[in-house]
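Pasting the structures here.
Okay, so chain A shows up in both of these, paired with chain B first and chain C after.
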Partner chain A sequence: MSLKKKAAIVGVYEHPTRFAPSKTTYQIIAESAREALADAGLTIKDVDGLFNAGGGGLLGSLALADYLNIFPTYTDTTNYGGSSFVGHAAHAAAAISAGLCKVALICYSATPVSTPMAGIAGAMAGDPSSNYENPYGVTIINGYAMTAQRHMHEYGTTSEQLAEIAVTMRLHASMNPNAKYRDPITVEDVLKSRVISSPLHLLDCCVVSDGGGAVVMTSAERARDLRKKPVYILGSGEAMRHAAAGHRDLMDIATNDSARQVYERSGLTPKDIDMAMIYDSFTITVLMQLEALGMCKKGEGGAWVGGGRLRYDGEFPINTDGGGLSSNHPGMRGIFLLIEAARQLRGEGGARQCKKPLRTAIATGIGGNLGYRHAAATVILSNE
Partner chain B sequence: MPTKYAQVAGHPTYYYYVGATTTPDVVPDFSRGKTIVLVHASGSNGHNWHHQIDALGARHSPIAMDMPGHARSDGVAGFETIAQYTDFTAAFLDALKIKSAVIAGRSLGGMVALDFALRYPDRTQAVIAICTAARFNIPAERLAALEAVAKGRASQQFNNDGYSPKTVKEKIEVIREGWGEQVKTDPRVRWTDVKACAAADLRADLGRIKKPTLVLAGADDTIATVADAQFIAEHIPGAKLVTIADAAHNLPTEKPAEVNAAIEQFLAQL
Partner chain C sequence: MAEEKEKKRYEKFLPSIDEESRPFWEATKRHELYVQKCRDCGFVQFHPRAVCTACLSSSVQWLKSSGRGKIYTWSVTNQNPGRGFRDALPYIVAYVDLDEGVKIFANVVDCKPEEVKIGMPVEAAFTDVTPEFTLVNFRPAR
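Moving on, here comes the complex of A and B:
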């Protein structure tokens, strides 16, 4: 039983803030939800399914439902890191298809800049694995850095090649009035920025921002009567990778699995995808996901991302909002992948609208750490 | 120290105050003594004025805001020109329903205070210009160093620039507190603030300021020198200059008692 074209994204909104000490995360979610529902031509009273990760306190989405004053009869707070919201889109499509949910509200906010916490890196204290892992000094970045080192060792990938990704992200951010960093940068700027965890420089790393957003989904039938052109889910995939009791290949990332599932389920191939929103926690994350999506051969990502190929006016545009690398990264940015992909497919990209005609987009995220434990969620979206 | 947010021209703006108030949307009482708005320096914030807020608050209504992009006010960017900060200060007064006030400022804030008296004279009761200049002479190396931090090439610098040798020798805790204030604001904003100072020139306009003016200078200040302070005092009719020894560019935190006394005396004569 396929989910293909059973559900659609009908409303989206990315909150303009990147630093909001005056607001709670619930306020940012409420403001985003209000705008996303208005975008859809629906109201908060229409929502019967609530999807959120990371924001609910001890009892999942209860406090959030209280704040929004809704009474959802379906809720999902799956949390495997930044890609959770792409997973939520898949889960919402399944719930809608099964008749368990009519209107799904996927929402997110975090305020790491205005409410900083030290040391979110290894397993949380109290996590059963923390005593065994944290003493080894695992951090978010060094897992990604280790993966980058391996990719460079196995395939000869260079820092200059990784830097090209950051340069393109900054170009797109320069066209996004809400992006955190908008001044254009060069490959040299990336290489000259100080090394955070070798081989990753500061500008190989995503920004830290406060932020939030909301996505509204409903059935394909209902979507046809709403305000905007529907953005259909054609298929989805989810997968995990971890230490695997020591049998781990750093180059085998979860996206290898989630991409295979989404192509099988949608009946599409990499050639059928017009643009992509790819989780860009670090430049290496983008490069490896592009290989895993089958856009280029494994190991050839380094050369493939050069020459402006990833630009909004290039052969395979990605992250037209400026990505996590330049625009917005409050800790889990998966929801922004859905939002920008939907806007591009509707032709709402404005100055940064892809030059090539778009029928399909892939939104794919990595939650957790490459090189440590992570989960990939991938969806294919279409405007027809 | 009590604080609130005010919506100022679309910017949620954090500010320190002393008067009575109730729920978040209720503007505090500013009826005690003189209303004095304290405008912070480049990359700084309202909390840096805490010695002045505590002391002046006994008899007056001091207010110190975090400008957009600084400390606890929303937004990731500051303004690019002094004039924009001045206009924001006027909008801040509007949001707090204040008709006119004494405008005090340090360094960048001092330029804002002078500019405010020039362009919003009806809203200015008096001017207090602290550690400031009508025209700054900022070395290219200083701007390059701030740019390098903003672009991620260098780590933030925590140094003794802007403090008197006496403070370095005897009051290191004042400098440490200053470093603590420094990290509350993005280094990129500090850079654009200093650039805004470098681009401003109020020398030719000083003669048009017709408000009681107090100019305060730290004797050891190398960023806004005593000569810079003298220039301001000489060109504003009736202005008074007070130079305080053993202090530099951070005069209000280096010599708070002397600064507070000079301000109180000035306010008493208004």
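Moving on, here comes the complex of A and C:
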């Protein structure tokens, strides 16, 4: 059974805040839900499916339903890191298609800038594996840096090529009034920024911001009667990679599997995709996902990302909002991939609207850590 | 008393030991590195578990590693605000591909950051960090 065009994104809202010391995370979710439902022409009373990424109990679906004073009959708190919300869109499409809920609210917020997390900068404290990582001073960036190092070794990828990605994201952020960093940067600026974990520089890394957002989904049938042009889910994929009990090949990322699934299930090929929202925790994350999506051959991403190809006015635009590298990254930014893809497919991108006509977009995320254990979630979206 | 003092001084993260991992950490105290091999299917695995992850057999035996291997990948860490680590910067993290066929994460020690390379032969270097804990690190092979 295919989920192709069974459900659609009908409302989206990205909270404009990047620093919210006076707001609770629940408040940011409530404000985002209000605006996303208004965008759809629905009300909070219509919501019977609640999707959020749990998060140590703090934002479990029961606590959130209580806060919002709603009574969902279907909830999903899948949390495998930043890509979770792309997974939620897939799960919501399945639930809607199966008749388990009618209107799904996917939501997220976090405020790591105004309420910094104390403690170690470790990868995944508490996992069984972390006992064999944390004693060595592992950091989140280490995992991506070691992956980048290996990519450079196997394929000759350079820091200049990775920097091109950061430069393009900043260009897009300069056209997004809400982006955290908007001043244009050059490849040289990236290379001159300090090395945090070799070979990754400060400007190869995503920003840290507060933020949140919400996405509303319903059946394709109902979507046609709502306020905005529906953004249909054409297919989805989810996959994981981890240490594989010591047998991991770092060049084999989960997106290899999620991409294969999403193309099989949608009947589309990489050539059919007009633009992409790609989780950009770090520049290397983007490059390897582009390869895994089949946009270029494995190992050839370095050369492929240059020459303005990824710009909003380029051949294959990505991350037109400025991405995590320049716009916002409260810790798990997968929901923003869905939101910006929907805005682009509706033609609501404003100054940063892709110049080419758009029919399809792919949204793909890596949650967890590319170098240790991660989950990929991918959806293909279309406005027709 | 001396032990108490030593514990206080060591600020970096220490592993928590459970029944699955105890033999591994007891071995590192003896400056021995163990991985695991399944008696039923022959699968070699790391980190230690109560079962074989290839066939779920409980018949998993400890396999003493030569401690030799090659750097699979590495990074020099220049930033870590964590207690203990912020005073140790810069330090090298790496995945080492052990001769037994499994990869293990550790620090590379006795090696200048500019000298570490992918493919570099390394050997286990045991670091007694507290009276209770010895970490397995790697250094350039001699």
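Everything that follows uses one rule, which is that the second predicted complex is superposed on the first by the 365 of 384 C-alpha atoms of A that agree within 3 Å, B and C clash if a C-alpha of one lies under 4 Å from a C-alpha of the other, contacts with A are read in each partner's own complex, and residues count from 1 in each chain.
We adopt the following convention: contacts are C-beta pairs under 8 Å (C-beta built on N, C-alpha and C of every residue); 3 or more make two chains touch, one makes a residue touch a chain.
Keep in mind that what you see is a predicted model, and the values were worked out from it rather than measured.
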First (chain B), second (chain C), both or neither touched by A:20: first
Partner chain in contact with A:194 - chain B first, chain C second, else both or neither: both
Which of chain B and chain C A:246 touches, first, second, both or neither: second
Contacts of A:147 with chain B and chain C, given as first, second, both or neither: second
Which superposed partner A:203 touches (first chain B, second chain C, both, neither): first
Partner chain in contact with A:180 - chain B first, chain C second, else both or neither: first
Partner chain(s) touched by A:351 [first = chain B, second = chain C, both, neither]: neither
Partner contacting more residues of chain A (chain B vs chain C): C
Interface residues of chain A shared between complexes with chain B and chain C: 194
Residues of chain A touching chain B in the complex: 17-23, 114, 180, 185, 189, 192-194, 201-203, 209
Sites on chain B touched by chain A in the complex: 5, 12, 14, 69, 72-76, 151-155
Complex contact set, residues of chain A against chain C: 119-122, 128-129, 131-139, 141-142, 145-147, 149-150, 153, 194-200, 243, 245-248, 250
Touching residues (chain side chain C, partner chain A) in the complex: 12-16, 20-21, 35, 43-47, 49, 53-54, 72-85, 88, 91, 93-95, 98, 101-107, 113, 118, 129, 133, 135, 137
